Each structure stands twice: as C-alpha cells, then as structure tokens.
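Please find the structures below.
In the two complexes that follow, chain A is the common piece, with chain B as its partner first and chain C second.
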Partner chain A sequence: MNDLSSLLSLILLTPLVGAGLIWLLGNKRGNLAAGISVLVAGVIMVASLFLLYAQWGGEPYHVAMPWLELQPFRLDLGFYLNGVSALMLFVVSFVGFWIHLFSLGYMADDSRKARFFGGLSIFMFSMLGIVLAENLFMLFIFWELVGFSSYILIGHYLKTQEAASASQKAFIVNRVGDFGFLLGIILTFWTFGTTSLPELAQHHSGATTAMALLLFCGVLGKSAQMPLHVWLPDAMAGPTPISALIHAATMVAAGVFLLARTYFLFDETALTVVGWVGTITALCAAIWAFAQNDIKKVLAYSTLSQLGYMVAAFGFGTLYGLTQGEGHGHGHAVWYGLGAAMFHLTTHAFFKALLFLGSGSVIHACHHEQDIWKMGGLFKKMPLTGLTFLIGTLALSGIPFLAGFFSKDAILFVTKEACFPAFIILTGTAVMTATYMGRLFYIAFLGKPRSEHAEHAHESPWTMVLPLVVLAVFSIAGGYFAQLPIYPAAVNEFLGQAVPHPSEDAEMTMLIISLIASLGGLALAFVIWNPKSERDALAAKARPIWALSRSKFCFDEVYMFYVNQIQARVAGILDTLDSLIISGVGTRVVPGGIFGGLGMFFRRLHTGNATAYVWWFFGGVILFFAVATRGFTSLF
Partner chain B sequence: MPQLAFFSAISSFLEATHAATPTLAPLHLLIGILAPAICALLIAFFGSRLPLGATKAIAWIGFALPAWCALWIAGTYGAVAQSGEYQFLWQADLGLSKLLGIQLMLGVNGISVPMYVLAGIVGLAAGAYAIGSKVERQPLYLVLLLVMQSGLMGIFSSVDLFFYYFFHEFALIPTFILIAMWGRTLSSRKTVAMELTIYLTLGAMITLGGLIGLYVSSGAEAFNLIALQEALATGTAPTQIFLMLLIGFGILVSLFPFHTWAPPAYSTAPAPAAMLHAGVLKKFGLYGLIQIAVPLLPSGLAGYGGLLMWLALGNVIIIGFVTIAQQDLKRMLGNASVMHMGYAFLGIYAFSVMGAGGAVLMMFAHGLSVSLMFLLADAVERRAQTGDMREIGGMAQTAPVLAGLFIAGTMASIGLPGFANFWGELVIFTALWQSPHPWVAIAAVAGIVISAIYALRAVARIFFGEPKAELAATGDLQGWEKWPAILLLAALFVVGIWPRGFSEHLDAALAKQYPVKDVAVPVATVTDQSHAH
Partner chain C sequence: MDAQLQILSEFSSSHHWMWLWPEIVLAALALALLAVELLLPKSDRWLLRISLGAQVAVFAALIAGLVGGTLPTSDVALFAGAIQPTLSGHLMRIFFVGCSILVCFLGYLYLERRPLARAEYYHLVMIVTAAMMLLAQITHFVAFFVALETVTIGFYILVAYGRNSSYSLEAGLKYMIMGGFSSGLLLFGIVLLYGAAGSPTLIGPAGDPFQFGQLGAVIAENPGNPLIVIGALLVIVGICFKIGSFPFQYWIPDVYQGAPTPTTAFLAVSSKSMGFYLLYVLLTGPFLGLQSILVPVIGIMTYCTIAFGNIAALGQNNVKRVIGMSGVAHAGILLVGILAAMRGVDWAFQAIFFYLITYALASFAVFGVMCHVAPDEDANQEREHYFGLMQNHPFLGGVLAVGLGSLAGIPPLAGFVAKAAIIVAAFQAKLYLLVAFVLVGVVVSIFYYFGWLRAAVTNPHPEIQGEPHPVVAPSVGSRALLAVLALASVVLGLYQGGLLS
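Take a look at the complex of A and B:
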C-alpha cells in the first residue's frame, strides 16, 4: 500500500460512491444529485491532476490483488499506470469535469435529473476503470459497464421511440463486438497464462493474428468502426452532454485506448487490417456527414470519421514504427502508432467535446431545435458559443497551428510512410472534413435566422459557456505539448517519445498539404452552401451525390433485414418446432399414450385429496427403491 | 502483495464475521430444515383458529430462520474449512441404516455452501413476497411454500443420497399443488400441473434409479457421498449409470430436449412457487451432476460428454432463439432460464475445476436473478393486467422503482459485470476453451448477444414509450414487492463485486475431485515495477 494506489483507489471509487449516494437520495432531489455528481467530477479532476503533476514520475506503475481464483484461472483487481493511461486519465477527468459543469445548465429543467447525474457518475466510474485496469479481464468488466451506462443514458428520454430503439441498438451492437473481444481475451489468457497488461508487455512472443483481430472486434464495437458503426449516430437520441462525453470524447475512444494498451500483440497482418478498417471508416463517415441536417448527426458522423483516423493511425503508424526499429530518431518508433492515435484522441476529445457542447448550447437556446436549416445567424445572437464553435470547427478541419492540425499531421505523416493509398484517402477525407464542418458552421451560425426559435435565441448561462471557453483554449493549445506545459510533465514526456514527427524536409510538405486540405475544404463549402441559402444546394443540384450520402450505404437496411426477416423468422420457426414437435409429439402424444393407459387404471385411485397423492407417491418411491435395489444387484 | 485499501477493508470485515464458534453449526443445518417444516405444521393445525396476522408471523419465522442459518453457515464455514471438505457433519440413524444403508446425514462442503446460501436467500424473498401478496386460502399457500423451503434446505445440506433425493421430492410435490391451485390461468393450470408432475416424476425416478445403481455397484457400505467416494476411489461403476443420471438430472434441469415442461410451468405458477422452483429446486440436478455424478463417474462424463455438449448447446442456441420469439413476459423468462441452464451444463462438460466452479457460480447467480425476475414480472403483470409485452408500455413513468429494479435484474441476468451472473458466464466461457472442443466456447459466447436481444427488447417494450391511461392508477412497487427484490439484487451485487468469498472454498472443494487444466507456463511475474515508488 502506498500513496499512488490509495490515490488511484480514490479516483476510481469516488464516482461509485457518488452514484450510490444519488441512488439512495431517490429521484426527487434532482438538484442535490446534480451537485453531488459535479462535485464528484471535480474531486476526480483534482485528484487526477494532483496524481499526474505531483505524485507520479512517469515510471510504469502496477499493483494487483487476487479477485477470483478457480485454478488455474485467476482474475486480479489492480491498477496499471503508464504513459498511455496517464494521458487517458488526464483526458477523461479533465474533459469529464467540464462536461459535468455544462450539464448543470443544460439539464436544469429535466424531470429525470437525478437519474441523469447518477448515470453520469456510473459512467465516470466505468470509464476510469477501463483507463486504470491492470489486466484484460478487468478491462472487459469496465468495458461492459461503460456499455451499460451508455445504454441507460441514451435511453434518458424514455418517452420517445428513438431512445428506446437507439439504446437497445447501442447495447446489442456493442455486444456483437464484445463477442469477439471476449474470445480474444480468453485466447490471450490460455496462450500466455495471464492477461496482466504489464506482464504481457514484457512477454508477448506467441501472439497471433487471430488473437489481435479478436481483440480488435471489441474496438469495432466500442469505437464504432465499420461494420459495427451503426449504433453511434442513433446514440445521439441521448442528451447532448452525453453525446459530448460518452459518444465523442471518452467512451468511443476507449477502443483506441485498448489498441494502445495492447499494441505489442498486433503483428503486421493485423495492423494492416486495422489500418484499412480505420481508413475506410474515416472515408465513409465523412461522405455520410454531408447529407445530415441534424446538428448532432453531423457531429456524430464526424466523430465516426475521426475515430477512423485514430484507428488508421494506430495500424499504419505501428507498421511504420516497426520498420524504423528501436533507437531511430527520437523516442520509441514502435510507439508511433499509438502515439499518433492517442495524440489525436486527446485533441479530438477537446474539440469534439467543444463542438458537441456548443451544439448543446445552440439546441438549448433554440428550444430543442436540432435542424440546422431552422437555425442561422446564431453567431450574432450567441457570440461566445459562436466563437468557440468556430474554434472547434477550425481545429477539427485541421487549420494549421490549432490542436487538430498537429495530431492529424502526425497521422497523415505515418500513413504516407506506411501505406500511400491510405494516405491519399485520408487526405481526401481531411478535405471533406473541412467541407462538411464549413457547411455546418455557415448554415447554423451565419446568414439570417430561418425560424422563430433561432430569431429569439440568446447566449447560454455561465455554467454552459465556461466549459466552452476552457475547451476552446485547449482546442487551440492542445498541440503544443513540446513547447508548453499543457499536460503534466510525465504526459508531455510520453507524447514527446511517442508522437511521430516528420523530418524537417517533409515537415514543410505536410504543412502545405494540411493547409490546402483544410482551407480548400472550407472554401469549397462556402461555394456550395452559401450562408444565405435557404435550402440544401447539394440536395437540389446534385441529387445523386446527396442521395448516395444520405443512403449511408444501406448498412441499417441490411441489418434491419437480418433482424426482421431472418432472425425473427428463425426464432419463430424454432419456437413452432419447439412447441409442436418436442413439446407436442415428444412429450404429449407418445408418453400420453402410455400414461393414458396407466391413467385409466390410476384414475380409480384419484381421490382429489392432496395428502393422498403424497402418500401414493411415497409408497411408489419405496416400492421402486426396493425393486431397483434387487434389480441392480442382479444386474451387476 | 500490496492490497488495495477499500477492498482489503471489506476483506477484513468479512473475516471478522468468521470468528464465530463453529460448534453450533450442525444444529443450524438441522434448524434450517426443521424450522420451516414445524412452522408449516403449526399453520396447518392451528391456522384456521389463528388470525391471519399470526399465521403470517409464523410464516415469517419459518422463512427467516433458514435464511439466518444459511448466512451463519456460510460465515462459519470460512473459519473452519481451509480445504473445501465436508464440515459440520451430523448424523442420525433412523433405523434404516442396517437395512438400506440410509441415515440422515447432514453437512456442507465448498460446493454446497453457495447453494445452501442461495436456498436461504431465495426462500426468504419468496416467502416475504408470498406473505405480502393477497391470495385466496393464504394459510394453505404458505404451508406449501414452507414445506418447499424445508425440502430445499435439506437438499443442499444432505450428505446421504437417499435424503438428498427425499428432500427434493419433499419440495417438488408442493410445487405441483401450488400450480394446480393458484396457477395464473384457470383453464390450463390443472393440465400444466399434471404435465409437470408426470415429467418431473419421470426424471426423478430415472435419477433415483441411477443413484441406487451407483450405490449398489460401488459396493459402498452406506448410501452417503463420503462412503461412495471412498468405495469408488478404488472400485469403478459402470458408465451407463452416468447416462441414467445425466438424463434424469437433465430432465429436472430442463436439458434440451427435455425442457418443454419449464416455460409453461413457470408462466403458470404463482410467483413464489416459480421463484423457489426455478431459483433453487431446479438446481438439484446440476448440483447432483457436479457433486455426485461427475466426480464419482468421471469415465461416464468422458463417454457421454459429447452428448452433453450438443444438448447443452441446444439449450443455449436453439432455446436462445426460441426466447427471442416469445411475446409473453413470463414465458420469455421461462425460456431464458432454460437457455441459461445450458451454460451451467457446458461448465460441467468442460470437466475442470474452472468449468465446474463456473457452473456453481452460474447456478447461484441464476437462482437469485431468475427469482428476482419472476417476482418483478409478477409485479408488471399485476399492473398491466396482461403478460403480453406488446400491450404494455411506458411503465417507467408510472412505476420508476419497478423499472429500475427490472433493468438491474435484466442486466444481472444477461451477465453484466457487477452482478454474480457475470462470473459464472466468464469462468465457463474461459473453461470451455480447454474442453475437448474449443469451438464450443465460440458458440457459447454467442449466447451473450442472443440474451441481450430478447432481454433489452422486453425492457424497451414494457418500460419505454408513453404509458396507457389505465396504467397510471396502478402505481409503483409497494414495500412487500420492493424489499424482497432488493434483497435478491443485493445478494447478486455482493457476490458480483466480491466473488472471492465463494470462489476460495469452491476452488478447494473442486480441486479434490476435478482436474486442473494446463495453462501455458505462466510468464515470470513482473517484480521490478510493482514497487516503483
């Protein structure tokens, strides 16, 4: 026992205690629940910052105790803190707190407030568990728990049909991913005799492609990679702070975090698959974002696309790192993949949380209007929201010298070195990113108000604006870990070692590519979607392109066909067979004949008296016992 | 090894409760059986002359004492047994010893303690619910449930196999009567009860035949498990007996395709009877396989393991899909229960400490969660006046506490971590990888998707959306519905976050009888980083 493990226990268990308190208080004390939840988030942030700044020096630290033993199975409960988890701890606790604060204002009038904040605290507990977990089984436990908290929070507005189906969809799709993930963990356990991450990091020869890809199934579900991406856009049915915290900044990034935790188990084949899955997800989601009119849906597809970037960064970056070998240049080349991915995860957490909270501020101001074509002119009505949203848009578009530029740059660089076709696709996606974000910003914030609600919109209260400002600052400064003490020293050092840097010649090329992609995209959007336009020019003038984007390539339709036509029919047929053949013929007709005959005889003994049955029964038992004893004695 | 502050605090608290003296323990085993039986007799003889309140008070005693005994035994067992052996042995010669080798012999080991605790807790919850609910002829209702409870406590504390069987019958017969007299649908309850009687009696007879065959062929001097173990340590018994036990026990646990009695029985039975039967009594067969059939006849499992595997997969996959097709809530739960029994069978099939241990954890957890779900389903059905899930909706607004407990219970049932069921599933899945056919693990894990599909759809149908007007007047859970549910949920939660409380002794008991499967040579433990500061 020492300070570090006590502090980590405090960080992990505070939200659980908070959730328990909220549960005990019941649903009527909404304000108190909100206070507890925000206080808990504050304690988590302060404790995490204290730990990272003052207590932890950067050396990997791990501690574990047995939790369940059934020979040879052993499951430990413990913590493992290294550069990756320290960075993730910083992101979760820091962004988490500001989103909690924002929720105070956003959910002020909600009738199920206590439930919301209780769910938020359960989420923090589960998410921190993933971050700190010492072994894969423990990680899986919290992995399932974030899925559960996501389920109840998506279902928050439980009167609506969207909430009912979206929450189910999120949970079930994630379970499909977890099906592979759990098998991967089990395979890992039987291969190495342990799933402890620090032990695996040291002894991982014997890892196979199958193992890596099974573990990757978990990433497909949680980080919504194709083909398991369908749940994330629907998850926007939840309250907007949930979309910001769970479905943009932290939980969906847990898949990327898992990759960074287990990078050593991935061989070249697996890495190539991972890289391409990420690249294709990034591309497709960007295409789908063009035809969305719901402000949150645009951001949701953007999140999908950016998660694709992170996954691609991991795959191709690690491939690139493997070719570089240890000691080349600075830092650890084998960390390039996870470095680029985690770096983008971090900056994305800032600017995407900012964008979602900004959209929440807008939705709040426009009386829950989410259609961008009924907004417009909001920049003037809500200057702080508008300005911070602009910063988020620019950071996401990769405009040079904002946070998103640096992380996207690192990704494009490693992809260029490892797989040129993927580099072309991701650069093209970067242009599209700037375009759909430009469209969103021009239509919603510029021009003239297109509805009553937008006309009367005004700036949100300070609890909502302050988080926007803080996140905007980090969306600008988040990339300068090498120059500024943005992150705790140990985290800065980790990023310095892990994030790949182009050489000086290449740096200029990358800068120019980024500049052209981002500015070009924003300009293109301005040409197509003039802020003054009243209706979607793409839909009007380029119908086939719009329809293609709108179709989302029919994934949902195919899955619904499976659910309604195949699964339901198989279930129905099996149910019929079950009741007809097994229950009907097998246990009624055939034995019925036998017992019917016996019944004719036994009906004479039928007295209708319960006690009589009991005596007949025991008589039978004893008779049978006596006969059987003899029978068996003669048999054997 | 450094301990984590919070959990070591829990651990030392649990150890402190173990300090009680064990000498009274056998008495507790006896009280567990006799208390409900005596209370049942009291009500049966004096119930008509007593006010209903006094009858209920007697019933309370009859359900509370076994629960107390169960917790006391569980706490004390940890203090005395370091190796999972039988403890608190107590025997009474009833005059049958010379004739048939039978004597009343009580005791518990690491395998039976979880089941004994399960019987105590579920009995208390079902009893409290039965006492609180308004039913016709309540004294008789309570008498029958008390008789059931007495039998249940007897099953898991019997070492003698005749009494193990006897107590099962003792608990089974009231189940038939409860369904026939208090069943949900007037038109079909007699038929359902009759079918159940024929089916389960057949299963029980086959089981009895198998047990007697085992006894006779082993040449043991007494019909108890300890004597049989000694006898079979040197001798052998024919493997056909294993098949007999597998089928007999299988029928009682609804092994595919002998499962069709379960959904109609559970959807018809009054909730406390369904809770006691699905939650506890049904585990008789699995317990028999784990405690008796497999350790005594390992060659039998080797011979018929393939059959068991296919049938258990039938439970998980086929009945999983059948569950998806259900529209009636209780029927869905009945099918889901059949499906989850498949996991326990698969754990047994894995034939290892892990597999059997996972099966015991599964039995324990499933017993709690299924009784919780039958209780809550009853509460839902009473409010909605229907069990058809398509016709219910929006109940989260009229009954938020019910909704919360139902969602928690559903999550427990489908293996969400934090509840005991998760450990059962996880350990069984992991164990299956080392079974003769590792691909079975893949098929079994697919079950987690199937169960999520039907369970979450039920939640969405019943609780989401706008409530119907007539639902508004029904209100939320009342105390007598709420507290038994909370008790069950709390038990699931405690084992969910502290599985070691059971797994330690379970591990020790199983390690004597089951093989430990090889694992890759564990890599050198990382010592240089564990004390970095």
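Take a look at the complex of A and C:
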C-alpha cells in the first residue's frame, strides 16, 4: 500500500516542483517554461493512468499523517482515494494534459508565457490537491489556491481593463461563497470533532441542514450557481485554454466534486434546495445563452447551465436514492445522485473542453475575433476543427449514443422520479441547449464568411488539432463505460454501481424524450437562424424575447447597485474615518489611533521629544496601576 | 590530595562554573575580538569569521547536548540559589545564541557599507547575548538586575552605533532615557518586594527575599499586601518596557527606525523574547500568588496591545516603523500565550517558544532583505524602495514574501502554525473573547504586510516613480543564509518535529 501513497505524492507534488522550476529558471525564457509545464502535465497523466490501471484495485484507500497536533485539535495531511476521486483524478490529469498540449500552440506568440505556464502548473497542483484531499480543511486550502490561480490566469491579459476587472470579480464573488463554506467546515468540525472525509462517512449522524447548506455555499461560488453565477461569464476574458481547463472542465466542477465527497451530510431538505438551485441555474443560463454573440460567452453560459444540471442531479438523485431508490436492483441507491452528477461532470469535461478548445482554434485562426457574426463558413476552412466542434455540439445537445446523451439521460431519469416539475424544466432546458448550440454552429461554421479574418482562416497546427481529435473520441465513447473499457477498470466498476439506470420500459420513454429534445432543438435553431443570415433573427423578429435573454435578469445591475450605492458609501465613511484617525493622526501620534477624540490633544503634547515620552510612560504606569488595583481601592 | 579533591567537589557542588561554559566562552570570545582588532587592524572578514564560527560552534554544542540528552535536568539550584537550570531556560539559551549569529551576520552586511568600527559591534552583541543567556536561568533578583542592566547598557550603545546618522544618535538617547526610567522603576519594585517579603510582620518571612522560590512562598501567603502588589507591578512594568506592550510602547517606532537595522532586529527578536521569557518565569513562578490581580491587568493590556499595534502599523510607510508596530501586535499575541500559561494550560510554554522561533525566523528573513534594500541613510527605509523587487531580484522578493507571509500567519507557513497553537492554548484557557480579538487582529495585520508585499510585486513606472531604487545584490553567503531562513519557515509550517509536544 505504500506504493500507492508515494505515487499519489508524486502526482500531487510534480506540478509544484514544475512551478518552482519555472519561477527559478524560466522567468525570462518562455519556451522553457512551456516545455516544463507540458512535461509536468504529461508526468501527471502517465502517473495517474498507471495508478488507476495497474496499482489501485478499487478499494477506498486512505492515508493521513498529522500536520498539526494540539491536544483535542488535529489537522491532518493525507490522501483519500475512492471511486469519486479516482474518476476526478482521471478527468483532471487526462483532460489537463491535452489542454496543456493545446496551449503550446495557442500561446506560442504570447509575450508572457512563463507567467501563463507557471500559473497552469500551480493550478494543476491546487486542483489535484482538492481531488486527493483527505479532510475538509486541507480541501479548503487547495480550494483557495485554485481560486488564486484562477485569479492570476483570468487576469493574464493585464492590458485589457476587462480582464483585470473580471479577475477581481471572480475573486470577490468566490470569497462570498467561501465564507459560508468555511463556516460550514468549522461547524462540521465542531459537531463531529473531525473533518476527515472517510471518518465523517462512517459517523455522520448529527449532520444538520444548516451544515449542509453552509458547505453548499462553497459550491455556489466555485461552481457558479445562482445567485453567485455572475463571475463565470466574465472570466472568459482569460486565455481560451484557461477557459477550457479551469472554467469548464475542472475547477468549476470542483463544487460538484465536493458535493459527491460529502453526500452523506445532506438531508432531504438540503437536497431539495440543492436540486432546485441547480435546476433554476440550468434554466436561466440556457435562456441567457441565446443573446450572446461572443463564441466563448455562449459556451460560458452553456457551462453554467450544465453545472446546474450536475447540481440538480446530485440533489434530486440523492433524494431519489434516499426515499425510493431501495429495491430498484443494482448498485447503491444513495450513490445515484453523485453517480449521475459525476458521470455528467466527466462527459461534460470531455465535450466542453473540446468545444472551448475548438473555439480557441477558431479564435486563433480568425486573429482573435470572437464575434460569431464575423465568422461563418469555417467548416470548409478548418475541417478538423469543424468536425470535432460538431461532435462536441452533438454530444452537448444530447443526441443519442454520444457521451452527453447517456449522462443527461441518467439525470433526467432520477429527476423524473424525484421531482416531476424539475424534470419538465430540465427537459425544456435540454431543448434550449440543443437550440443555442445549433445557432452557434450554424452561424460560425456554415454559411459564408462574414469578415476578412474568417475569409483567410486556415487549420491550426497539430499541437492544437490533436487534443481536439482525442477529446472528440472521448466525447463519442465516454458514455459506454458498461460496454467498453473506456475508463480504468476500477472506475468503470464505480460508475456501474453509482450511475442510475432506467428500467427496461422506462428506458424507451427516456430515449424518445431525449431524441425529441435534442433533434427538435437543433431543428428549431435551423428554422430560426438560417446559416446564411447576416443578422441575428431573434433580435430582429422577436425583440422582447431577445431583450429578456440579453438582460440576464439584471443580476449584474442589482449587484452593482448594491456595491455602488450601499457598500461604497459605507466604505467611504470608513475611509474618511480611516484617513482622519489612522492616517492623519495615527502616523505620528500613535495613541490617537485608538482614542480618536484624544488624538488631537495628544498631538500637541507629542512633539517627538524624549521628555514627553517619559511623561507618557509615567502616565502608562499610573494607568497600569489603576487597572491592577481597580482604582487603587484594593490597596488602601 | 584527597582533601583537595574534597574541597573542590564541595565547591563545585554549588558553583557549577562548567554549567555556564557557553556564557563564559561567548564573553571570552568577545574580549578576544577586541584583541584581534588591536593586533590586526585590517582583519574585517576575520572578525566576522571568528565571531560567527565560535558562536556556531557553541550553538551546535548546545544543540548536540540537547539531542544527546546530557544536559543536567536536575532541579538543584546552583550558585546558592541564584541560578536554576531548567529545560525551558536551556532552550532559551540556544535561541539567544542562534539569534546572535544572525545579528552578527546582519551587522556585517550593515558595517560593510559604512565607515564605522567593526569589532566593537560583534563584541557588544556577544556580551549582550551572554547576559541574556544568563538571565534565562537566573532565579535571584540581584543577579537578575545586574544581568538585565548588562543587556540594557549594551543596547544603548548598539542603538546609537550609527554615529554618522543623527537618527541613530537620537534613537540612542531616547532609548537611554526611557530605559533608565524603566530600570529605575524595576529596581524600585525589587526593593519594595525585598523589603516587604523580608519583613517579620508577614506570615513566614523569607530569609533571602531576592530568591524567586522564597519570594514566591511569601507572596503566596500574603497576596493582599500593598507593598508586594506595588513591587510586583513595578517589576512587570520594567519588563513590559522591554517587550513594548501597550502602554509602554512609545519608544518603539522612533528607536526601531533610528537604530541600525541589525540592532533593530536584535531588539525586535532577542530583547523582546527575553522580556517574554522573564515575564513567563515571574508570572508562573514567584508572582503566581498574585493571579487574581495580575490576570485582569495583563488581559486588558493584551487587548490594548493587539489593537494598538495593528492599527498603528496600518498607517506607517517606513518599513522599520511597520516592523516596530507590527512587533507590538506580535507582543500582544504572545501575551495571550502568557495568559494561557497563567491560567494553567500546561503546554503554553511550548506554544510561546514555538511562536518565538517562527517569529525570529521570519523577522530575520525580512530584516535580511531590508539590509540589502536599505539606502545609505539606514533610517529612511520607505515602502517605495521595494517597488520592482520581485522582478529585479526574484530571490530577495521570494524571501521577503515567505517572511512576511509567515509573520502574517498565512498557511502553510510556520507563522500560521504558531498562531494556531497560541489560539488553541487560549481556547483551552477559556479566553474566548480574546481568541476572537486575536483573529480580528490577524486579519488586520494581513493588510499592512501585504501592502508591503504589494510594493515588492508592483513594477514601477519609470516616468512616475523614477528609476528603481538600487539594491545591493546578495552575496553567496547571504543568499545561503536567507534561503535557510525562508526554507525553515516553510518546513516548520509543515513539520514541527516535536517542538509543540
């Protein structure tokens, strides 16, 4: 078993060493930094696959060493590998490597490569830390670290104001969620005396709704669920590989992963809340995606929507498993929620990373043009990118027998059983998903080029195309874990146990529903947005719907109002006090810092000469005595 | 022959001169340095090598003794009750030697660029260190005062050492006036205690009221005696001056700013740690009987010290003053540890000691970087001088980041673990409100530490701020030393190796 822990340590520490090397050697040498970073990602992938295929048999593996021991309090550092984290490890290391390779081509001309690739390696370290963390405190530390690396990488194009403010927004919104998360961890520790995940899994009686919902706050921030979703679309200001890796495939999914790790702490009330938050996020984000013209923004809202699916899957699936799942046959009914959520997380990681990288390939070819109305006809110019993008689109739309179909099917099935209204909403959202993805594909890839750049676009280099092809293969095959050895055997087995299956007769119904939803959506998109059109048909013909979608329900405006009108005023008052008391008086006359009113008085006496100091000292002694003897009463 | 042995063994049964070998070696070496300077006037580097080499040897021997377990852990008092070897005192001795090595090295960096006398600096640092090491074991007020004055007078000179800087001279004068005043109060307190505890009118008067153990017995019997209360409070005032807790912190900003940077480091780390150890020894020893009076006083002082230090540090722009005021805040957190010790948390000393170690490591890392960035006028070290440091000197920038991060208590650095230990100890002592207060203070401290770090990360615009401030490139030796300090801050954060148990 010792092999396993050293292998896990290797996987976790390699990216940290890589980042250190980049900091020391590659600061001025961008290509060296890129090489180190890609090499590191390769080592992580090989080591992870070796671990999952050859070393780990599927038994939950747990190792911890004390980090900080203070009698009743103990903080451990350790690894906890079970089905959930093994699947996540596979996703992060596998998708991570291909995105690193893609970045090599995409960032070839960037002037600040070292910073970018150093940040990527720091990110890999932090993300793997979340995946392998043995307890909630350790997880929280890495949780903050991914937030930090995301902040650094969103702000990569420092020159644009957009990137700077987007990175700040992401940081601040996540702090709001993380505050609740931290309270939840403290409450967990308070209640159980430990935050170790395997220990909690065994003794979790006493978990409360409040605890679960506080932990869920962290998910709200990191996985951008309503109402903390506002940062994710703005985060697209970062380089496209970052959007693919961090803001689609892995980091934003960490929230879902957290849910799967702590599923036993959620009771029925909490699960219902979680399920509805996910459902509403899925619906709203799909509505907002219609009015976006930036290719990455469409994908960003789609990511929001799909994250909503995963969260809803967890909420309703676990609810279904808890209440009615027993006796349905195979596997572990309480795992249905996390099974459906993690399955969709996995397939989504493949096809959404594929879509983002495809959009990156397009943006690269069109000289950093992101407006789909200035693209068009790219399928002919970039056949491989076009074909793989089509596969991604179909997988995301839920066309039968691609990866997305199976995972979405599992989600719709459990939702139908647990909460019928949510099922209706999510099915409607599935139609919309197919529609906005159809719109994106028709306008960007079919028809005629609408700008000079699109006219001269040509296929990207192999470092960018190869990841697309690999991810496309997995976007097709990723759903067949039961039939094909797509994943390592232990992971296959876990998925087989956890992913809910509709029974024979229900299966046909689900298939028909999926088929109608996906094909219907794609067809609807074709009717509304003819690939040859020059302008947005929705905006032209159905202005109110377009405007509603465009408004994003005014979340940003409400938040800005709050920040400007209320918070800024409070901050302004504090600032005045600050400059009055602390900066103005406090710098020279330090006692004034506390006794605001006395400050002016002190300043006159406090001329910086030693005599005054002696008098103050003497005054201090008197004060000291007065306190000690309660006004000298006990002395006399 | 036998008779002579008999006399010798009797003599040595109380007067264990061998036990004091580290102090004697340091003092002898300090004198030897002056002779070396006299005989070889241009032996600049050799002075450093001799003093560093010898101190490292003493340090290593003490550590080896500790690891080998050969130290006499006997509770037998030496020198007729003036000195009591204890494990905690012995640990502090090692701590002081370690700090002294670092101060000497910083002193070399400082003196290298200035036309000042060399040998005397190392000489004074070593004499002061020897006196501190003695103080850590003394249990008798006469010896206590003599050793304390040796330390204080040494510091008067060290603070005013930069004779070519008016700031340094002014700081020296201020420190001397304030120090003299506090020493006077301390001595007055000792005299009152002596007079009261020896008085036959009390229950069980002491034969030798200067001796801590006997004094403690008297105090335990007569906790309400006004003379004893006043005497004890005056002694505590004298020590609080050393640690710079509110309301005795007035001297800190001016003196820290004016003193040469290595002396500032010496004051901030060694002198403050010494004050805390003395406070710990007195409050958990002879003054234990005065708990009901002293716990509230120290408690209120702790609140004020944390609040004051943090708020005052926010407004500072001179980094030496920032370090000074943040040092006041650190003193507040250490006082929390002292309070926990007073309320019977048995491992509070480990928490305090660990805090002192992490504070020393991080502070010396930061002071080491300051020595390289400091302009010719050592007192004017502004935050603006750090613009672009991270880009132009990534090594110094990295060390500064680790040092400040550890001081601020960012996990997983050592400072975080130290703060966590103190907080847990306070929690066990049921000081809940104080724990909350410490946490707020820690959050505030992140602002000014990161303000400094932000300056280092910011790349200056040449049109606005002018050319970047010239920074002395670190030599191989100082690189190695700073790397060791930064690494230790990281390693101690991950693995404490029994220091906390």
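Some observations on this one:
Convention: the second predicted complex is superposed on the first by the 565 of 636 C-alpha atoms of A that agree within 3 Å, B and C clash if a C-alpha of one lies under 4 Å from a C-alpha of the other, contacts with A are read in each partner's own complex, and residues count from 1 in each chain.
By our rule, a contact is a pair of C-beta atoms (placed from the backbone, for glycine too) under 8 Å apart; a residue touches a chain by one contact, two chains touch by 3 or more.
Being a predicted model, the structure only gives us computed values, none of them experimental.
When chain A is checked against chain B and against chain C, the one touching more of its residues turns out to be B.
Contact with both chain B and chain C is seen for A:E69 once the two complexes are overlaid on the shared chain. When the shared chain is aligned, chain B comes close enough to touch A:R175, but chain C does not. Of the two partner chains placed by superposition, only chain B is touched by A:T191; chain C is not. When the two structures are aligned on the shared chain, A:I141 is found in touch with chain B and with chain C. In the overlay built on the shared chain, the residue A:T509 is in contact with neither chain B nor chain C. Taken together, the two structures place residues 27, 67-71, 73, 77, 141, 582-583, 586-587, 591, 610, 613-614, 617-618, 621, 624-625, 628-629, 635-636 of chain A in contact with chain B in one case and with chain C in the other. Put simply, chain C touches chain A in their complex at residues 173-174, 177-178, 181-182, 185, 224, 226, 229-230, 233-234, 237, 241, 246-251, 253-254, 293-294, 296-297, 300-301, 304, 307-308, 311-312, 314-317, 325, 347, 394, 398, 411-412, 417, 420-421, 424-425, 428, 494-496, 500-501. Residue ranges on chain A touching chain B, taken from their complex, read 1-6, 9, 13, 27, 57, 59-73, 77-78, 137, 140-142, 144-145, 148, 151-152, 155, 158-159, 161, 163-165, 167-168, 171-172, 175-176, 178-179, 182-183, 186-187, 189-194, 196, 198-200, 202-203, 206, 567-568, 570-572, 574-575, 578-579, 582-583, 586-588, 591, 595, 610, 613-614, 617-618, 621, 624-625, 628-629, 632-633, 635-636. Looking at the complex, you find that chain A touches chain C at residues 23-24, 27, 67-71, 73, 77, 141, 582-583, 586-587, 590-591, 593-594, 608, 610, 613-614, 616-621, 623-625, 627-629, 634-636. Touching chain A in their complex are the following residues of chain B: 1-8, 100, 169, 173, 177, 195, 198-199, 201-202, 205, 208-209, 212-213, 216-217, 238, 257, 259-261, 318-319, 321-326, 353-354, 357-358, 394, 396-397, 400, 407, 411, 416-418, 422-423, 426-427, 429-431, 433-434, 441-442, 445-446, 448-449, 452-453, 456-457, 460, 463-466, 499-500, 503-504, 506-507, 510-511, 516-526, 529-530, 532-533.
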